[in-house]
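Each of the next two complexes has chain A plus one other chain: chain B in the first, chain C in the second.
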Partner chain A sequence: MATAVDFPAASEATSGAVGKRARHARPGVRRRREMLLVWVFLLPSLAVFFLYRILPLVWNAVLSAQQFSLFAPSQWIGLDHYREMVDDPVFWTSLRNTLLFMASAPVGILLALAISLIVNAGIRGRDVYRTIVFLSYPLMTVAVGIIWRWMYDEKVGLFNYVLRSLHLIDTPLPFLQSFELALPSVLIANVWQILGFYMIILLAGLQGIPQNLYEAASIDGASPRQQFFRITLPLLRPSLFLAFVIGIMTSFTSFDLVYVMTQGGPSHQSELLITYIYKAAFELSRIDYAAALTIVQFALLVTLTWAGNRLAGGDAGAVESGA
Partner chain B sequence: MALRSVRRPLRFAGRIAVLALAAMTLALAAPASAQQKKISFLTWNISDQEDLFKEWIAEFKKIRPDVDVEWLDKKGPELPAFYQTQVIAGTPPDIINTQGALWLEYAAAGGLVDLTPYLDREPAVRNRFNADYLAQWKYDGRNYMLPFYISKTLLFYNKTMFKDAGIAAPPQTFQQLLDDAAKMAKGEKTGFMTLNFDWLYWPLFRMNGVDLLTPDFKKAAFDTPEGVRVLDALAKATSNGSINKTSWTGRWVEPNGAFAGGNVGMLLAHSPAFFFIRGQAPWVNADTLGVAQAPGGWSTPNSHGLGISKGSKNPDIAWQFLKMVTSENWTEKLSARRKVLTGNVASDTKLLAQMKKDDPLAAAVLQTQVEDTDKLTGNWPLASDSRVKEAVYPEIQNAVLGRKPAAEALKDAEVKVNRVLAR
Partner chain C sequence: MIKKRTRRTWTHASLHLAMLAVSFCMLLPFYWVLKTSLTGENIFVYPPSIVPVHPHLFYYIDVWYYIPFPRYLLNSVVVSVLSIAANVVFNALAAYALTRHFRGRGAVITVLLSCMMIPFQTTIVPAYLITAKLGLLDSYLGLALPTFSTIVCIFVYKASFEAVPRSLIDAARIDGLSELQIIRRIMLPLSTSAVATNIVLSFIWSWNNFLWPLIVVRDPLMQTLPLGLSRFLSYHENTTGALYAFCIMVLAPGILLFLMAQKEFIRGLTSGATKG
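== the complex of A and B ==
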């Protein structure tokens, strides 16, 4: 027989069930509100990213398939610009030069590695050496280009003065006006400038390697050479990968150095893809063709970064834990 | 607790958004409510005349108090990029100053206002100008620009080097030019140099009867035995040091600087180079620097013009401004301050007369600018001028710097030019 006592029990059970439902519902509502808050705070950054990265990329791709005019409606021409690129000798020259520029990155990284190893050792004054090497990196690239241009100058340049003083040459070398020497001259200036940055990255990587690994290896009789190839290099992989990626990016973005030093000359011999894109857009008024060149450069950059990642063992060269 | 922690930032964000929207609405509404009009004019690397432009603006304010005028100045390599971005954004400067043939690209694409109807309505404005120079800005029979300041190439020569080499007078033929250059080339000294941008070197070809294009401007015409001969001669002269290599690799500072250094016998450049050189070279005076027309009297113009953008919202006001700044009163001021000819006949005549008294050497330089104006070259009415230049000049460089034989370079250039013209 139901009693008043039962009712309170029933109502307790009911209110308990209701309470249980409310406790289940509250986490879900709370989570939705939290997600909403996250999106509200992310939205401005995403909007900026979309407006300044995604939208221009899409517009660039569309532009590359159009005949664009500043003053008239554009016309769709499909892959015509890409077909034109195949027959464009300046495109192939600038592509070759960009790849050569990229190939100079490992040279710079090797030099930086050597300097990092020296600086990382307990030599006296290493902080000073580190600072001196790094000093080139914060300099404005335009300033670097102007200084190196004057150093390479045929009449009054430092290099010709030194080479002639040492009787290594009889007549001055036209470094930046020579078809053979223009690009290597720019590459040397570029490596000089970025060396300090590579050094900092590699130094940070070196200092992150536990010393007890070297101690253990010494105890086991490993030579310095073996320690370098079996411990240092593998554990430096993430830093090497980062330096390599930055080197690739630099070869695709070194507009200012080339523009100041040679303007891509003589006769496009030091032209990079990035300088050719600028010229096509703003000197030849061919924004549509420049857009097509940009798409090719973008595809190349993505492909090279992916290949570099694979070569570094994937996952941006990260070392497996427990290794 | 969690709900409260979410609500507060949301409410705050909402309030900020409303305030921002209100502020934007006010800002956008403000100009709409004003009656003031505005025009802007963009000049090409002439910021040294800031005071003059402020005077222009003040004077125009008296004529049109309802119009604000904004002045913008960009360096040469920056101006085209800046102008293009402004056109795409829908806010082109109302008035644009261009140098060389850049205006052609804009005019051919419908980007400039045709000034012919304005000039037809006001013949007095048309008659202000040197007819040959005004005609420089004609495309398809229509005038798109007015002269701002004018120049063309001439031959500067170092009289001291001439005397030392036993040369009595400036060369009258291409061969004489090469021979004189060879005589003066010794050690660090070279005999001849030219500027190379905007076709300024083309008189060297034209004086030998080599033209760039066929009369209908549809095909390349320079790949001829004469063209090969000229280019081969220039290459040999560059190789043996008679012609300074910087002719083909420098733009402005390097070649003019080299001539100012006193080690180059002759320089083919336009008149503004004189003031740069004189500023750099203490040796320059009437006894040491000579000026003459290049052999055959051929020259390449490199003048500055003023036009109205098609996208201008106030083209009639822009025309009023143009009329004012190209009037005798204002062109006299510009020419006196900057020592340039403006294409305004009355002002130019006054300037030349005054300078013959004050600065005979500068007067001699400027006098060459109004002579042989029927022998202008390097000024083809091509919308694709920059692309044709890009097709030709690297091959010229290849030949003169010894990378390719002249015949092969011209053949390759011809293929590229014809491809550009066919597009």
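== the complex of A and C ==
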């Protein structure tokens, strides 16, 4: 890290040299105090992350192999919960739906790519367009769910009204109560909300591409299409990877949307793993089974991220070195 | 053969057309909910009217009678303020520490980046047990604690702190300022936009948070706005325009803040983005 200069004596730092020599010259007491201070500063944040990220992850793994009870000491039961999952039809439905949710990410990203290319093309009013597309992202998802629920309404919803006016359907469609349509309806609402976030990421990526590459390419006679596939797309890979990771993470974060729009119904047809985890833990009081489900979904997330990273050329993690 | 100039105009026109279509789709839900909140007429009437007929603000007042709106608002505000304050302070401390070289710095950064890969939702079951053990169920602190520090925001601060000239910090140190004073008197005043990003992001995240309050809150008096909204829905279904007025009232602060601080918001998200 070139910019972070070692805790230096003033003269060393201003001359740009890393203060290695200065450190030896300094009394060790001061150095130790500084070290202590660094850790004291880090402590609150690290404590929060330990308490609410790392410990839960480990605890999930432990719980998933236990028979948990509030009133008796927990017992080890090995992989019983995972065995139970194999015979649990709701688990398979929610796993399928979670995968479908993840699969909808590339569709949204493609759409966002088209939008960000247009916005980046320097048309007039680009800031306005950008704001409009992004506006849905910071909204409270519960409210978004209620709004979409309303538009999907069977009797007086906007979609049914439009479809009926165009004579595409004769009888109103019960979007959120139907076995086939419930999940796709939620997916569309989800894409609507997350689209702006993808766009922002891709725009940042596009703006990071040096302009002179395009100039050089057009001097060499490359067509816009060639420029897109030879310059834009390859250099955008880290951003696309990031958008993909965020997309598969929405299969977790979309709890709010599913909870409000369908409650996972009808008969679990729009259940996601995360809503099933919630139900198992807090409605059926099966904390241990919920932990096992969480482990499965986390494994899924890590696997897909790893695969996405490989697809993106394996260097998407390289941004870490810049941190 | 079309002239190049005309073709350019045509391309731009079609691009605008595409973006107008996209904007229409993005804005339609806003319009529809706003219209319903102002009239409520198409709750029982088919076909719905496209423009609002006889708009009124009755539903916006109605909300206050259906649910303890001021109480929910207070809870949401308290939790958000706690979260914002903690984020602004803790993230700054952590980021300042990370601008230093010390043994274990690389490990800390690796841990932070790995934690970013653990969505909060995967932690709900043990996080509930932990919060219960700490005796923080049904409390403001319990609601806000998991959001007290955000990794993305630490990196936003860190990038900003690293841009502060080294000589300035050394001069301050020679003048006898303690490390805390350096953060308060030099780093933070020179990083106002990073502070703004911290405030905006932590506000949006805690304001919108639904799953966590749903789990840790049992007491009706401790409900936050998103919980109130979902309760309202389960009690009254969509039988009243007040539900949609409630939606608008809850969405408004987020939208306003976002429109005012769009730059900070986007910078926060994208800088978190490029940091892995």
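We adopt the following convention: the second predicted complex is superposed on the first by the 268 of 323 C-alpha atoms of A that agree within 3 Å, B and C clash if a C-alpha of one lies under 4 Å from a C-alpha of the other, contacts with A are read in each partner's own complex, and residues count from 1 in each chain.
To be clear about the criterion, contacts are C-beta pairs under 8 Å (C-beta built on N, C-alpha and C of every residue); 3 or more make two chains touch, one makes a residue touch a chain.
Treat the numbers as computed from the prediction; the structure is a model and nothing was measured.
With both structures placed on the common chain, the touch criterion links A:Phe229 to neither chain B nor chain C.
By the touch criterion stated above, A:Gly265 is placed in contact with chain B alone, chain C being left untouched. Residue contacts after overlaying the shared chain place A:Trp92 against neither chain B nor chain C.
Once the two complexes are laid over each other on the shared chain, residue contacts for A:Leu37 go to chain B and to chain C alike. Number of chain A residues touched is higher for C, counting chain B against chain C. Look at A:Gln177: by the touch rule set out above, it reaches chain B but stays clear of chain C. Applying the stated contact rule after C-alpha superposition, one finds that A:Leu284 touches chain B and leaves chain C untouched. Of the two partner chains, chain C is the only one touched by A:Ala121; chain B is not. Applying the stated touch rule to the two superposed structures, the overlap between the chain B and chain C interfaces on chain A comprises residues 34, 37, 155, 281-282, 287.
Residue ranges on chain A touching chain C, taken from their complex, read 3-10, 13-14, 34-35, 37-39, 41-42, 44-46, 48-49, 51-57, 59-60, 63, 114-115, 118-119, 121, 123-125, 129, 131-136, 138-144, 146-151, 153, 155-156, 158, 161, 165, 192, 195-197, 200-201, 204, 239, 242, 249, 252-253, 255-256, 259-260, 274, 277-278, 281-282, 287, 290-291, 294, 297-298, 301-302, 305, 317, 319-320, 322-323.
Contact residues on chain C toward chain A in their complex (touch as defined above): 12, 15-16, 18-19, 22-23, 25-30, 32-33, 36, 42-48, 86, 89-91, 93-94, 96-103, 108-113, 115, 117-130, 145-146, 148-149, 151, 154-155, 158, 162-163, 166-167, 170-171, 173-174, 179, 204, 207-208, 210-211, 214-215, 225-226, 229-230, 233, 238, 243-244, 247, 250-251, 254-255, 257-259, 262, 265-266, 269-270, 273-276.
Across the complex, chain A meets chain B through its residues 29-30, 33-34, 36-37, 40, 69-72, 90, 154-155, 174, 176-177, 179, 263, 265-268, 279, 281-287.
Residues 2-3, 6, 9-10, 13, 80-81, 84, 87-88, 105-106, 109-111, 188, 245-246, 248-249, 251, 310, 386-387, 390, 394-395, 397-398, 401, 403 of chain B are the ones that touch chain A when the two sit in their complex.
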